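These notes open a run of structures that come right after.
Across the two complexes that follow, subunit A remains constant while its partner is subunit B and subsequently subunit C.
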Partner chain A sequence: MKKKILVIDDDLNIRDYLVSLFNDNGYDACLAGDVKEGLKVAKKNKPDLITLDIEMPGEWGPRLYRQLSQDPQLKNIPVIVISGLSGHQYAVVKAVASLSKPFDRDELLKIVKETLT
Partner chain B sequence: MGFDMFKKILFATSATAASDHAARVAFNIAKSYQSNLNIFHVMGVPTRGYSQVVVDVKTKEEVSVDEDYIAWVTEEIKTYYEKYLDESLKYSIDVAVGLPAREILRQAKTMKPDLILLGGTTGDEDETVYKKSLAGSTLQKVAKAANCPVLVVNRPAASFWGGLSNIVFGTDFSKTSDKAFDFAIKVAKALDCELSVFHALDITPLHTGKMLSQDEIEQQIRESLRKIRARYESRLKELKGYSMDVWEGIPFIEIVKYARDKHADLLIMAHHSRKVPSGDIRLGGNVEQVIVRAGCPVISINK
Partner chain C sequence: MIKQILLINGDKDLADALKTYIERQQYDVTCATTFEEVMHKLEKNIWDIILADPFINDEMVSCLEAVKKNCPHVQIIILAQKDRLDTAMDIFESSVIHYLETPVNSKALDLALITASKNISRKKKLDRYSERLAELHGTQDLLNQLFEEVPCYISVQDKNLRITASNKRFRRHFGGQIGGVCFEIYKHRTSQCHECPVVATFQDGKSHSTEEIVTSKFGKQYNVLTLTAPIKNEKGEISQVMEMSTDITQIRQLQDHLVSLGLMLGSVSHGVKGMLTALDGGIYQLETGLVQKDDDRVLMASGQIKQMADRIKKMVLEILYYAKSRELQYEEMNAGTLAENVVNIVKPMAKKQAVELDISIPKTLGKIEVDPNWMEAALVNLLENAVDACVSERDKKDHYVKFHVRKNSKNQISFTITDNGIGMDTETKEKMFTLFFTSKGSQGTGLGLFIANRVIKHHGGTVEVESKQGKGSQFCICLPLHKPDNAKIVEFPRSDR
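For the complex of A and B:
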């Protein structure tokens, strides 16, 4: 069974790129454009991994992480931060990785593979 | 938004990378709550007496301060923070010459801010005069003498990550802590935040004079929780959410851990250094240690 990855990013181009990248590499990717939608999709799809942007309209990514960590069913989902914001590596302390935009696709796929193995 | 607790903010900055994370907090708070933000920069320390020749805090070079130089520095600051300075922000820029702590306090005396915001170290190799002095004695002196809450963003991790919704208040049950609680509950109410009240039970032999048994520790935890309930709970009920906890250990470590566990956006604590003779102030008190280590901004309250 394919592993599910939820991509949360307000940038449509990044979102589409990540979804294609994951689908092309044997994963089942779904997407959300903001924190509210991300939480809804996470609850519905129970992804195996989430990629999370930090600065988004409305609530920011760390808020979603906080809500995930308070939900017994979602709290153990690994999160990879992908952000263009300076200092993003400090935003989610327990993220498995934090990548700067523009990111290296091979590096991302390597981290995803290691995390989901 | 009906929030008027941060109407005037004094943001003391070196306008270098060392203050970038504090800047993000300052500008985001100012924009979110329509504050008047005073961007205040201390240019340098006079080489001697009242000389107009100062050692520039950014370049460490000796420069002669005149109107042209002040105008140039002001313009530099404007350029440095260009991305934040849009029409939605009410701001002013002031520059001064002298010792950072003294000038910040002087500026605070004049403008009477609701909040002073200071940056801190970045952990990089930036060894400017400003950074060295701001990280240590400036922070202590300002926190000790300020007439308003002092918010410190010392680590990049303590920056702004999307707003204030979860506040941790650390108490030691002192009178100053009660004042800090008044402030914490006002902010939590006004911003519809959750508030977690925390007490760290100091079980270090240095404090207790002996190694406590587990029964003694648990007894003290229960007593402290009762104290928290008696002292704070009736007012906490006015909030949308609250929690009360006591953890044992080394106080400043436990507070930092608790704030991280709660995903706190803000930590509020009382500062006690006013009780200590000024010569004995050292970077080692609980608040200072929390400020240096916390993963979120820390507000220190001393009056």
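For the complex of A and C:
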């Protein structure tokens, strides 16, 4: 069965890019445009991994991370931060990895593969 | 120093006897018994005292008169026989110090020599004093010139911060009011500044420095670096304090440009990263679409790439707005539309802060020629500022911002923004359009009103401000209907708003 990845980013183009990239590489990607929607989709789909943008309109990414970690069913989902914000590596300390935009797609796929194996 | 005496007498024996007598009293005496000898001795030496019989020769009188005229320091004592003494007195009057009768009374001679010696030392002292006084005058002139001409603003203040002296540059820019109060003259304030370096120096006797924004008598603002120094009286008490301010406006302007460049870079770098990622995504979709022969994906990818190209183009233009001078892009538009656009931007903010907006935009305003982006930003800044002023005011229960637009008698569009917020003191009112001056602490950048004012000025418009602390403020912006001929280039960073 394909592993599920949830992509959370407010930029539609980046979301589409990540979804295509993951689907093309044998994963099943779903998407969300903000923290609220992200939490909803995470609860519904129970993804195996989440990629998270930090700066989004309304609530910002690390808040979703805190909400995830408080939910017993979601707290073990690994999170990869993908952000253009400087200092993003400090925003979610327990993230599997923190990648700067624009990211290297091979590096991202490698981290995803290692995390999900 | 041993005094040199020239003894002139035709009677050689008398002269020798006198020489012997006088030399016992520590004088150096030279005798001359003929006129030729006298001339020779006068040319050869400088004498302190001349003890002379003026009647040894017909020319002796005029010779002595010439000596008195040319060497006023020489003390002359006349030595003459009793029957000629009166004649001598008639001739020389008070120009000689003493008249002695021959044969000479030794006591009278002693006294005459003592008087002469005293006169000589007094004269020497006087000469020394005169020399020193001249030096002192020279030094005083130099110091005065330094004080007057030093390229800084210098004022001397007493304990009540009243100016007791000021230099030329200070008087030129701030007026020559001796007795005026520092904060009134420098900052047009009615009360003492919060942290006054002069007061601090009066308290601890040390030099203090601050950076200030001061306003000249012509209303121009200067960034100055102020240093103080105590001035002590003869008892060692600090009686006055000198304040020296250096104009650093140009340095600050340069720094401000660099800071705004930094702010601008920070705000755009995040956007650039996102766009590059999305562009990378578009390229990925295009490549994989071509490989998979998926026409839909190729089409979507090309749309995405095109969209990204547009976004990058827009951002580059915005960077240019920020960083470089550019010509204003004038467009003819409905003045009502401009005003409504501005209101629509500010409305959510006012609603969130519970500030009532009272809007009046007549439909009959007609067209106006403006750069819509810049003018909108400027008016939004002023309106948001009015809302902020209301938020800062906590005493009143209800707050409002009025935005009334009309065509005035000069055929200009007038935008009046009135609020019942915190209001401004004189200092804030004078400085509010200064780059990086803010009354909002860390919440403000000091960019907004600076930019707004410049935009309006570049459009040939005017801004008039009335404000009362605790009551509120009113900004009246008047814009001509058509673009001015001269002001086309905008040379400042663009506001974020």
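As a convention for this text, the second predicted complex is superposed on the first by the 117 of 117 C-alpha atoms of A that agree within 3 Å, B and C clash if a C-alpha of one lies under 4 Å from a C-alpha of the other, contacts with A are read in each partner's own complex, and residues count from 1 in each chain.
In this section, a contact is a pair of C-beta atoms (placed from the backbone, for glycine too) under 8 Å apart; a residue touches a chain by one contact, two chains touch by 3 or more.
Quantities reported herein were computed from a predicted structural model and do not represent experimental measurements.
Asks: Could you classify subunit B and subunit C on subunit A, in the superposed arrangement, as clash or fit?
Replies: clash
Asks: Going by the contact rule set out at the top, does A:G84 touch subunit B (first), subunit C (second), both, or neither?
Replies: second
Asks: Does subunit C touch more residues of subunit A than subunit B does, or is it the other way round?
Replies: Result: the larger residue contact count on subunit A belongs to C.
Asks: Using the superposition on chain A described above, determine whether A:K46 touches subunit B (first), subunit C (second), both, or neither.
Replies: In the superposed model, A:K46 contacts neither subunit B nor subunit C.
Asks: Looking at the overlay, does A:R105 come into contact with subunit B only (first), subunit C only (second), both, or neither?
Replies: second
Asks: Would you check which partner chain A:S20 touches, where first means subunit B only, second means subunit C only, and both and neither mean what they say?
Replies: second
Asks: For A:D11, decide between first (touching subunit B), second (touching subunit C), both and neither.
Replies: second
Asks: Once both complexes are aligned on A, which of 60-68, 168-176 or 222-230 in subunit B overlaps with subunit C?
Replies: Of the stretches 60-68, 168-176 or 222-230 of subunit B, only 60-68 runs into subunit C after superposition.
Asks: Considering each complex separately, which residues of subunit A are in contact with subunit B in the first and with subunit C in the second?
Replies: The answer is residues 55, 86 of subunit A.
Asks: Once bound in the complex, which stretches of subunit A touch subunit B?
Replies: Of all residues in subunit A, those touching subunit B are 54-55, 59-63, 65-66, 69, 86-87, 90-91, 93.
Asks: In their complex, what parts of subunit A are in touch with subunit C?
Replies: 11, 13-14, 16-18, 20-21, 24, 55, 82, 84-86, 100-103, 105
Asks: In their complex, what parts of subunit C are in touch with subunit A?
Replies: Listed in rising order, the residues are 269-274, 276-282, 284-285, 288, 297, 300, 304, 307-308.
Asks: What residues of subunit B sit close enough to touch subunit A in their complex?
Replies: Residues 20-21, 155-157, 159, 161-163, 165-166, 260, 263, 295 of subunit B touch subunit A in their complex.
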